[in-house]
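After this come two complexes, each holding subunit A, first together with subunit B and then together with subunit C.
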Partner chain A sequence: MATLTRPGSPETGTELHRRTHPLRVDIARALPLTPAVVLLLVFLAGPILWCCYAAFTDTALTGAGSGATRFVGLDNFRQAFGSDAFRNSVVLTLVFTVLSAVVGQNLLGLALALLQKRAARVVRMLVGTAVIGAWVIPEVVAGYVWYAFLAKDGTLNEIIGTLGLGQNWLYTLPILAVSIANVWRGTAFSMLVYNAALSEIPQEIEEAAEMDGATGFSRLRYVTIPMIRRTVTTNLMLITLQTLSVFGLIYTMTKGGPGTKSQTLPLYMYEQAFSFSQLGYGTAIALVLLAVGAVFSVVYMRLLREEA
Partner chain B sequence: MRRRSFLTAAGLGAGALFGTAACGGGGSSESSGSAATKVAYQQWGSGTIMKDYLTGVKTAYESANSGKTMELLPIVASENDYYTKLQLMMRSPRTSPDVVYEDTFLINSDITAGYLQPLDAQLEKWDEWSQFQDIAKGAAKAADGKTYGIPDGTDTRALWFNKDLFAKAGLPADWAPTSWDDLLAAARELKGKLPGVTPINVYAGKAAGEAASMQGFEMLFYGTGSTLYDPKADKWNVASPEFRDALTLLKTLYDEKLCPDPQIALDAQVGTRVQEEFLPGSTMAIALDGSWLSGTWLESGGAPWAEWNDVMGTAPMPTKTASGDGKISMSGGWTWAMTKNAANPDDAWKVMSTLTSFENNVKYNIASAAVAVRKDVAEDPQYTGSNPTLEFFSSLVPVTQYRPQNTDYPRVSNEIQVAMEAVVTGQASPSEAADSYDEAVKGIVGEDKTATL
Partner chain C sequence: MSGQTTTVPGAAVTRLSKQVVATAHPRGPRTWVATGVVNVVTAAIGLAFLVPMLWVVFAAFNARAGLKVEWPGSNFSLDNFRAVMTPETTYRPMWNGLVLCVGAAAIAIVVATLAAYPLSRFQTRYKRPFLLTILFSTGLPITAIMVPVYGLFVQLNLIDTLGGTIAFMATTSLPISIFLTKNFMDGVPISLEEAAWTDGASSMQTLRYVVLPLMWPGLSVVTIFTFIGLWGNFFIPFVLLLSPDRLPASVSIFTFFGQYGSVQWGQLAAYSVLYTLPVILLYLLLSRRLGGAFTFGGALKG
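Right, the complex of A and B next:
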């Protein structure tokens, strides 16, 4: 996240043109952007606008709402906030996000980056490959790998079964199981971000801190963390938004079950929209999910502003 | 620059969220506008019964009608996803198939949605329509009194039991329980005498999906003489004591460990495991399940089991207190329907009537171990001799019940599964679970459409 410089940017030339024919030049400059803008409008803004519209209707895949779609105002939201299943999903989404992203991926990623900094080259390479390997494999494959590991007849139970600790982890601790899987899969991202940030810390500052007697945890606390604070905030924001919308991993591992014990908002939304055909209600939940993401973003932006 | 990278990040995140939300809009394959009649059906797993059957019909149809073609559109999806994909395709004239395979359980919803067109004009002129049993003709009849689909077979549900295990436990090979207590007594007997064997399976919970509602709950509930829905008054049954009775039986079965462990029962694989693992492996004695089960064990099925007919016996599911006929069954089935957007209704009709003609229907009913809905097929020696259990399952047709033919049923069915799951996991008592069900049903259909029946 360091400052980017574009060596070839023709700043002076632009200034000159702008003074002579401001409007015409701007249009000419915007012309090459048109295809991209049109694509964005059609494929990004289009679905978003449709989503906002549909959230206030009773549109459905089948049944009455499909034939004659009606505008129902805030009914979908009223129904959501009055529903136990929805509230359960919100709580689970928060637990999943805090546990697997804010705590798990973030701290583990930082720890790995710090350890890698002083590790031998070979160790660094091996660890890096392993962690990034988990990140590179497709979500569904990761989900299946963890299902095979944690299921009742899975690898973990084969290993610890002899100690009498065997249990179906996906049944007894579903939200923890999917959180751990998400940490496993997503840590590489945080690690890479922190690797980059840590390498930006000037050697002199670290040495100076050492001279002043700051070692181990206190150096981390008073020197390293403050130096990479912006990166921490950026990283938190990105992984939070990614984790809020995790669907494939949970769907593959537990389908949101048993019951609704791991049914986070994306899974609840999917069930309502596609299993029960309530597209309008499903999109209303999508908007709520968006609002949850926005709340997190605002909090992180606040943190950034306070430190600045 | 820093500020901007944040905005970009926020934008990216929002984009990802919307991506998830908006994934419903995708269309699929494009129609070429040719003269081919497009026939959509479900293709899932290794079974090829439908595919083989349709390929045969296609060849026959095309040689009998020169210049006409039939295009098969397999929709590769599990049951729930099949409905969703089909509905998405039918939404647009450009992607809509002409002839679709519709479950009777959802056809009413799709009729209300306006995806299908009535067939009354064609059926009136079709001399073979009189061969269909009246009860089957009603399967695809909508509230407007018009018929939207031609049924191609039905099914019934009953108890399958392992005669080897019964012999070991000292139970008769011609076992036929006459009440719930009778059933429980046999299960307890098996539990005591055969450790390691699961006495009975009754599907419960959301993972088993519609199987839990229909093979599980409704087979118990309709055995009390009550009903979920009264079509004449258009009222759903709430605060029903019989509903609580059925849940209580379920609680007894799971609490006494007469049914599989909830960890197995609440896994999405439970249906496959019962059919392919527990019953053939003699680790389960009784299964409350469908007439099609033997299809899995035939040579063409997913888990061939040569001795199945010697080992497995069948018995009707008893009513609660031997009241009524003393036995109960539930029926479903599928129909062929024509979409609203069918490019050429005449061709589509020709394809549909070929699909359900005597000759083709015999073939399909034999291959899928279905209960025939055509009288001439039901009497055909080739059909009756094809599977030893057909006679038994066909004999249940007079006592069978159908699910509510109402657009709200799929959502009510989900609430039944939620109630069952709460009971078998011990999260709620039967009356607490039934209370939540009552509230949920009122929320779905509106309080004015509920009553205690």
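Right, the complex of A and C next:
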């Protein structure tokens, strides 16, 4: 270890005077990575691999599959895709993700970042605090906050009460209700990301566009957006994956109900695996959820590559 | 839409701007109106974020709290706090949460720092694929793997143990911790280390005595960031811990208040305030330094 040198630093031994290091040196250098690699393999890669195996078995906590586990082929997936509850939750997951992440958090985050650049200092600070506050509070608390806001005796009905629209929003529009709550909770992330990206755009470019008479919207569309394109795609990927795994917020607000009207894939998976003790089937759902995430990622990666 | 305009906006704009460089910024009544509109719209969005949150704060101090945002006024009292500040409702869950999150954050930081060092300092052909894998795992939906993790924990007899849960929580925050720590470490100049190397110091000695003292600010950001994320996590302890006396605050808030027919909203709000306070304070500590964590630009360089 003591004789290690960096590339570019004055060599201390002739043996290291090579571009590629001997395997021994590579291994010695990689040693500090071991704890991280072990943890990641055992607790992240392991479960994913087990997922790929158990999804094809009838593993269960109680009942038929709890004794000897049998290999059941594609039965779990056949059962899933044949079930209305599963298809319902796939659709709800897509609605929830597109509505609250791709559209809601992303556009509102960008809008806030753009507005904050022009707003007065006091306004900027106060709004930033409110938005980030919503992001920092724990998700269960956020769930209760929105339960209170949208319930029949809640604040929203108090505000719009005079319009005669009062209703329990959690019952009438559950998936919209949880989507709005998720926009409220997650927008800060996109806002901070876009704040950082916008601050990296050289000011001369914006000023030049302004002098050319490019007004607000066309400047945004032809100058600003093209310059932060990669950030937009990366941000979309991260918030999509975050939103796909939202559980606590929905569970606190509606428990997936009424009925199954806001039961996204994570909640359906939880119900099947733990309430109904069907671990094998639950794992198959988990695999579908991972696959949905992978599909979104591949699409975003494609977009990134095209831009590069 | 038109490809031509979007491909070379910078060049076109710069060329044109030279011709009109004499034209000054339009400063007049129109700009004033525009600025006014911007401020009003921004403030309105901020208000929309603020109003739902007010319920927690107001209801916590209101002896007759309901679900509406109401100024406590004559109902102001601290009874809600008095009612929930008991060992089984507040102190034990908070303590459990603290044990879980401090334990997991500590493991994550130590392991991430060790891992970040070779990733930041050495060039090997495995580095880029490794970093890409880490970056990908950052986005892995942890919710999706909780069912297999439960299965794994049953096999390993780790269900309902604090140790197992801490190890798993540490692992879930490892990818982002490694990523952030590496970025902060990249900011520490190498020249000092080269001197130490020439003097025969091992890379671990260099990390301990040269690099770490220079990156405490960065490390504290990563630590606090990790802690905040874990403190709010509901699903992991919800699945992996079973005994009521081991549950952290994030889960017990749900089991105490979520399952009864007539909920004491004031007490729920008071508890929420107590549970939220630590992360708000921690966030205030790091808010000024966090900005750098949100740029993806330098993520995979070097």
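Following the convention adopted for this analysis, the second predicted complex is superposed on the first by the 284 of 308 C-alpha atoms of A that agree within 3 Å, B and C clash if a C-alpha of one lies under 4 Å from a C-alpha of the other, contacts with A are read in each partner's own complex, and residues count from 1 in each chain.
As a working rule, a contact is a pair of C-beta atoms (placed from the backbone, for glycine too) under 8 Å apart; a residue touches a chain by one contact, two chains touch by 3 or more.
Quick caveat: nothing in here was measured; it's all calculated off a predicted structure.
Q: A:V131 in the overlay: touching subunit B, subunit C, both, or neither? Say first, second, both or neither.
A: second
Q: Of the two partners subunit B and subunit C, which one touches more residues belonging to subunit A?
A: C
Q: In the superposed arrangement, does A:D212 touch subunit B (first), subunit C (second), both or neither?
A: Once the two structures are laid over each other on A, A:D212 reaches subunit C alone.
Q: Quick check on the superposed pair: does A:A286 touch subunit B, subunit C, both, or neither? Answer first, second, both or neither.
A: In the superposition, A:A286 contacts both subunit B and subunit C.
Q: For A:I27, decide between first (touching subunit B), second (touching subunit C), both and neither.
A: neither
Q: A:F247 contacts which: subunit B (first), subunit C (second), both, neither?
A: both
Q: For A:C51, is the partner it touches subunit B (first), subunit C (second), both, or none of the two (neither)?
A: Both subunit B and subunit C are touched by A:C51.
Q: Looking at A:D153, would you say it contacts subunit B, subunit C, both, or neither? Reply first, second, both or neither.
A: Only subunit C; A:D153 stays clear of subunit B.
Q: For A:V295, select first, second, both or neither according to whether it touches subunit B, subunit C, the two together, or no partner.
A: neither
Q: For A:L107, decide between first (touching subunit B), second (touching subunit C), both and neither.
A: In the superposition, A:L107 contacts neither subunit B nor subunit C.
Q: Considering only the contact definition stated at the top, list the common interface residues of subunit A for subunit B and subunit C.
A: 1, 4, 44, 47-48, 50-51, 230, 234, 237-238, 241-242, 244-245, 247, 266, 269, 273-274, 279, 282-283, 286, 289-290, 293, 297.
Q: Considering the complex alone, what residue numbers of subunit B touch subunit A?
A: Within the complex, subunit B touches subunit A at residues 1-2, 5-6, 9-10, 12-22, 24-25, 80-81, 83-84, 87-88, 91, 106, 109-110, 112-115, 205-207, 262-263, 266, 268, 407-408, 410-411, 414, 418, 421-422, 425, 427, 443.
Q: Enumerate the contact residues on subunit A facing subunit B in the complex.
A: 1, 3-4, 44, 47-48, 50-51, 60-64, 66-67, 79, 152, 168, 171, 230, 234, 237-238, 240-242, 244-245, 247, 255, 257-259, 266, 269, 273-277, 279, 282-283, 286-287, 289-290, 293-294, 297, 301, 304
Q: Which residues of subunit A touch subunit C in the complex?
A: 1-2, 4-7, 9-10, 12, 20-21, 26, 29-33, 35-37, 39-40, 42-44, 46-48, 50-51, 54, 59, 108, 111-112, 115-116, 118-120, 123-124, 126-127, 130-134, 136-141, 144-149, 151, 153-155, 158, 184, 187, 192-193, 195-197, 200, 205, 207-212, 214, 216, 222-223, 226-227, 230-231, 234, 237-238, 241-242, 244-248, 251-252, 266, 269-270, 273-274, 279, 282-283, 285-286, 289-290, 293, 297
Q: What residues on subunit C touch subunit A, complex-wise?
A: 5-6, 9-10, 13-14, 16-17, 20-21, 23, 25, 34-35, 38-39, 41-43, 45-47, 49-53, 55-56, 59, 66-69, 110-112, 114-115, 117-119, 121-126, 130, 136-152, 167-168, 170-172, 174-175, 178, 190, 193-194, 197-198, 200-204, 207, 228, 231-235, 238-239, 250, 253-254, 257-258, 265, 268-269, 272, 275-276, 279-280, 283, 287, 290-292, 294-297
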